[in-house]
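What follows is a pair of complexes built around chain A, which joins chain B in one and chain C in the other.
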Partner chain A sequence: MSDGDAQADDTTPGGDTEQSVRDRIWAVASASDIRLIAVTLLAIYAIFLFLGIVGGLDANGLYSSLERVTFFAAVYALVVLALNLQWGYAGLFNIGIAGFMAIGLYSMHILTVQIGLAYPIGALGAVLITSLFGALVALPALRLRADYLAIVTLAFAEIVRSILGSQRFAEFTFAGFDIGFGGATGPDGTLPDPVKFFLYKHPYSLRPEPNAFGEFYFGLFDLFIIDDSTAEGILYALFLSLFVGLYYFLLVRTGNSPFGRVLKAIREDETVAKALGKDTRKFKITAFALGSALMGLAAILWYTKRGGVTPTNFEPEVTFFVFVALIIGGAGSNTGSVIGGIVFGALLFRGPVFIERIINQRLEAEADPTTIFDAFGGIDPFIVYTTDNLSALRVVLLGVVLVILIQRRPEGLLGKRKEIASSIDLEDRTGGEN
Partner chain B sequence: MVEQSQDHWLGSRLQTDPLTAGFVVIGVLFFLDLLRRLATGTVRPDTVATFLWSGIVFGMAIGLAGIGLAMTYSILQFANFAHGDLITAGAFAGWSSTFVIVGFGNIAMEILLLVGQPARISSQLGISVTTAPLAIVVGFIVSVLFAAGLAVGLDRVVFRPMRDQSGISLLIASVGVALALRHLIQFIYQPSTPSVVHDPEVPRQAIPVGSGSFTIDAHQVTLVVVALGLMIGVHLLLQYTKLGTAMRAMADNEDLAKITGISTERVVLYTWLIGGGLTGAAGYLLALEQGFLDLTLGWDILLVIFAGVILGGIGSIYGAIVGGLTIGIVSQLSIVWLPSEFTTVAAFVIMIAVLLVRPNGIFGGVTSV
Partner chain C sequence: MTTTATEQDTASAEESRTATGESTGDPILQVRNLQKRFGGVVAVDGVGFEVEQGTVTGLIGPNGAGKSTTFDLITGVQNADGGQVIFDGTDITGRRPEQIANRGLVRTFQIARELSEMTVLENVMLAPPNQLGESLWRSVLPGFRGGVSEQEAELREEAWETLEFFAIDHLAGEYAGNLSGGQRKLLEMARVFMTDPDMILLDEPLAGVNPTLEEKLLDRIHELQSEGYTFLLVEHDMNVVMNHCDPVVVMHQGKRLMQGAPEEVRQDERVLEAYLGGEVEQ
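Right, the complex of A and B next:
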């Protein structure tokens, strides 16, 4: 069955009655898909809670680790959904994701912190700028074979990163504004955190005072012995999850629209789509620009929590992480993208850090092994060395997972359910037999 | 891999292909501007000579490393993103052996094997081509053998089970290999940039140009000479051995090659052995020339190598050599016009332009459609 309109007919039996909002949401996301995502998320929470309790974390530590897990699951889900539009739907092999994310975030920084626009207007402007760059890259690049497109997009991302990190463009004047990329350390000034505006009267004063909602919200979390910064993080995670829902809704709608059906047709056989009179270039450029814009917005949502911006956040590894996540979930499926983002962000990306924290808390080795030879001196030094270097091992694991997936299960966890290009499933004969 | 007939490729192309002509015009304009700057004195001749020499040195390394990439591109038809980290792996293995030979008996084996990690001992060992030639030769050979073996091993485990899959699947798998390999090296050697040669020991020679001079050092000369020797070796292999003929045949048309009785897997094995070996050589020489090892030694130049390979025509080994040399020289010379932090940007821009305008490259390599 397809991701999308599977249950549509069940929930709107008459068809002539006006659809309620609930029905419409049901129409784009079948109950089983939502349930699948929820079950995945709950299973992952259960794993982390179990490990946290075994590792002896206090209540606040547990909540804060769940908050971190949700954060990374959500940000990866956002970028993966955007990539799925480009690669899963339109078959465009973009490995310059980090570049588009950087453009989005830097534009946001310039528009809000440096020029002084309000958060939503700055975000809108940044998304528009990113989509323009997406179209700019797509315009000539679409004539290329997939592997050449890959090289061009990666080179584009690297050019973006060197320009953003260069001393030459650290400060300059553009259209009468003194702006700048800030060189290797990134531009000065903290990005506004949207969630703070909901909670504080003056979010950027030295000791921000909660507003009425903030009082209520922090009071609520005090009941569960959760401190204010964790509570704030939880609200941010919820804010991100809301955007995951919006992205999902938007992309499922896009996928089922006539536009999305053409994209799927292009992915399956571009010549046929052309023969049917579709201007495939236009569709590909639009899909690429939209995907890039969503990547830019994802980067904004990701890094406004952190505040600071540096070019090192956008090394090519970010791109490859997103690809691993999409391949885990299965390219071509939006539900798969969300699940891939969750599994990747929580288990593969965040999991090792969490385990490192727990082990470090429990195990204080007398001698700190500094080389791999010290590590083979015994079991304790080996564990300590391994956990100290977990950030490296984590990427080794990712690489191995990527190779195994592409060898054994290139369609990912849910890729088998790749959405069909036609508006109804032509292989589904049940309707005819009744 | 097949050469275009010599009189054909430039003359007629300029007439039939306005885009190539445009490229040539832009190149000539830059060259004229360089002459103008030299004449007016905005750029000193010795500065240009310095850029040119460092461009040749860098370009030879890129060209040497590009041969392996071009080989796998033409024979296995995929862009191998693990190529850069093969360079790094070869370099680390080779320098471990050089350190062991030089410091044997004086310094603990663990420290030597980890190239002086965590303590920096390069000044104590005082390595350079003149003070420790034997250790450098052995290290070089270890680099070649290790990278060749690693390439074949990776092929067995990762790429061989995927022979029937698309180039994109292989590309993605190679990205996985690159990530795993680089961080495995990090896990063993720790993230740092150990210096491997003792700078004061390296012989230098100033060469007068105009009113100033530029310096060449023995390690740069070693890189250029060894790379040139290996390139000539590859040329002889391709043109005058049965294996070379088989490789060219397979790059041209795999099915036709199979019909004539060429064993595909045997050619693939030698492709990895030779390509991997040359890659290890490039890694060792690059570290020798720049004086230190780096976890991203290969990854950082991977796109530059791609630029060279693409410029020369993907899949063309001769193209990879000439393209690599051109990219090396152009990226260094670009400092005349651009800030020095944009040397790789210049290389990438050329690569993108070539891909968009002339995807077959200047030398039109062979890749099956």
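Right, the complex of A and C next:
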């Protein structure tokens, strides 16, 4: 028990021996949280590599699929970490995640593409704007009962989505700037991709020419027969992983502190926190604003690369997915959040798409095109059929996963974890500060 | 007890307490004409009393007399429909619970409200007021976190001493939700002491606590009394009330029935009738 948050706590009573052996394996595997995250990621890579090889992907195809897996694992980890602060720690039930993500992304677009601010300044501004919205939404709900926050956030997200998609706000003038949300198809102009600035001299020229680092980087990947666009994607995935690290660091510090302790107390019993002299409103607003800001930033990092700036990216199912991912990992645990994000993003979100790709590839490769066309009336309708039903299939899959999880591991994949809300090891009485 | 958790860092609070533990004659708490109704039920119907500094004042009365609700009204957990609460010379009526707690008036709950998914240590470490690390940026920014840890290390020692004082130090790393009923009561007490209060309202603190521990606990209440703390104690066990509380306030049907030394209360006809369930003539 001495390593504080670095230890999983096995409180499951060892009923049968099989159970306790499994628990022991878990205890060893989770001795270090970082290792646990790494092991999960590697296991998932192994699964995808295996399926990719079986499916006959070439080297470039394999790397590109790992790059995509990493991308979705990372973006989900980011949003899940943010939700864990609000819901896992403080018990603030935010079911308007999609709304805060949309605010972050659209603010970014307006500040950079439309107004012309530099990327980092635009990102900072967008994060501040999202945190303001977070505080504003939380404010009235804090005076009311806890479930009102859920209603308010849900309504907020839907209002945001309909305003962003509305033709009326497609273009307007604000404080002397001609800006707009672009209606149903979103605003014109792609967001600057920060990774391109590392690789190219003029990233947005017609045929961007690599700079010195770009030459070196692409050259390196050429050795492994990986094309430039995949190499670029890999760098972006690394860039995202860096942010996962930053979020994790920030939120572990937030959680393992007197601040985090008050948040936990609010989740457990707010009346007690108040009776002990804590002004819980202050803590709730701070946590909610920070969580919302992190959701906004996550959306910027996500849709800069994939999906673009459109209101359709922010339907309520996004919020549902993030909750599922957090429940998989275990609400209340930052390490669990990262694992939940990885497992969800890679296996449940990306997995079905990947398998579908592989099946299609096999069909194309193995079958004589003419007979396939004869038999199914062309391959395209088949792809269209599966793609259309993908989101429905995914939701069914999620339902099954949720039911199994809630029955078998209600505390999340990692089981019950002891992540003590303190900057020091409280049980080590004689110990110094960490 | 050689050292108590509260001996350190209490210089300012110490001034307001008497070293001898004898009552100074100043009321630290004045309750005037408090009213609270729940729909048709009048839970508190104009109760009023005073608690003198340095006393262990008993608050008794049959079930449903309105004792717990009175505690809620005093500590701001519920808003009174009427009346006044004055603590340490300040009118605290209508203040928020955290403001009242930060003035040094804290309470425990009749049904212990432990923070189940937090360990016993986390529970008590929550209580100290105005911790540096309660500010987010201090807890997060590298240059400031050192100070947060330093203060936490001091509080950790205080927390351990408090747990020892209440004989639950062997449970320090346990989740509060795994504690027995009596242990939860002790945890609640440990927690309120960590807020460094002046006055403590205890709502049936002995319910579920085993007899040996009960004795210890009462001894400790008197030790703390001698350090200048003031207690208002709701208790059902008449032996405890007669031996440990002075004066005793009796409530019945939301009103103060009488107030006096334990002897007087014991011999009062009205009190007997109230407890026997008879209607009391007013």
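Definition applied: the second predicted complex is superposed on the first by the 346 of 434 C-alpha atoms of A that agree within 3 Å, B and C clash if a C-alpha of one lies under 4 Å from a C-alpha of the other, contacts with A are read in each partner's own complex, and residues count from 1 in each chain.
Going forward, a contact is a pair of C-beta atoms (placed from the backbone, for glycine too) under 8 Å apart; a residue touches a chain by one contact, two chains touch by 3 or more.
Given the structure is predicted, the values throughout are model-derived calculations rather than measurements.
Q: Could you say whether A:60 touches chain B, chain C, both of them, or neither, answering first, second, both or neither?
A: neither
Q: Touching A:211, do we find chain B (first), chain C (second), both, or neither?
A: After superposition on chain A, A:211 lies in contact with neither partner.
Q: One more residue to check, A:253. First (chain B), second (chain C), both or neither?
A: Once the two structures are laid over each other on A, A:253 reaches chain C alone.
Q: For A:93, decide between first (touching chain B), second (touching chain C), both and neither.
A: In the superposed model, A:93 contacts chain B only, not chain C.
Q: Between chain B (first) and chain C (second), which, if any, makes contact with A:360: first, second, both or neither?
A: neither
Q: Look at A:269 in the shared chain and tell me whether it touches chain B only, chain C only, both, or neither; answer first, second, both or neither.
A: Touch status of A:269: second partner only.
Q: Show which residues of chain B lie in contact with chain A when the two form their complex.
A: Residue list for chain B touching chain A: 78-79, 110-111, 113-114, 117-118, 158, 161-162, 165, 167-169, 171-173, 175-184, 186-188, 190-191, 303, 306-307, 310, 339, 341-342, 344-345, 348-349, 351-352, 355-356, 359.
Q: Can you name the residues of chain A that touch chain B in the complex?
A: 93, 95, 140-141, 143-148, 150-152, 154-156, 158-159, 162-163, 166-168, 317, 320, 323-324, 327, 370-373, 389, 392-396, 398-403, 406-407, 410
Q: Considering only the defined contacts, which chain C positions touch chain A in the complex?
A: For chain C paired with chain A, touching residues are 75, 77, 96-98, 101-102, 106-107, 109, 113, 115-119, 121-122, 125-127, 129, 131-136, 139-140, 145-146, 148-150, 152-153, 156-157, 159-160, 172-173, 175, 191-192, 195.
Q: Considering the complex alone, what residue numbers of chain A touch chain C?
A: On the chain A side, the touching residues are 1, 11, 250, 253-254, 257-262, 264-265, 267-269, 271-280, 283, 286, 290, 332, 418, 420-424, 426-427, 429, 432-434.
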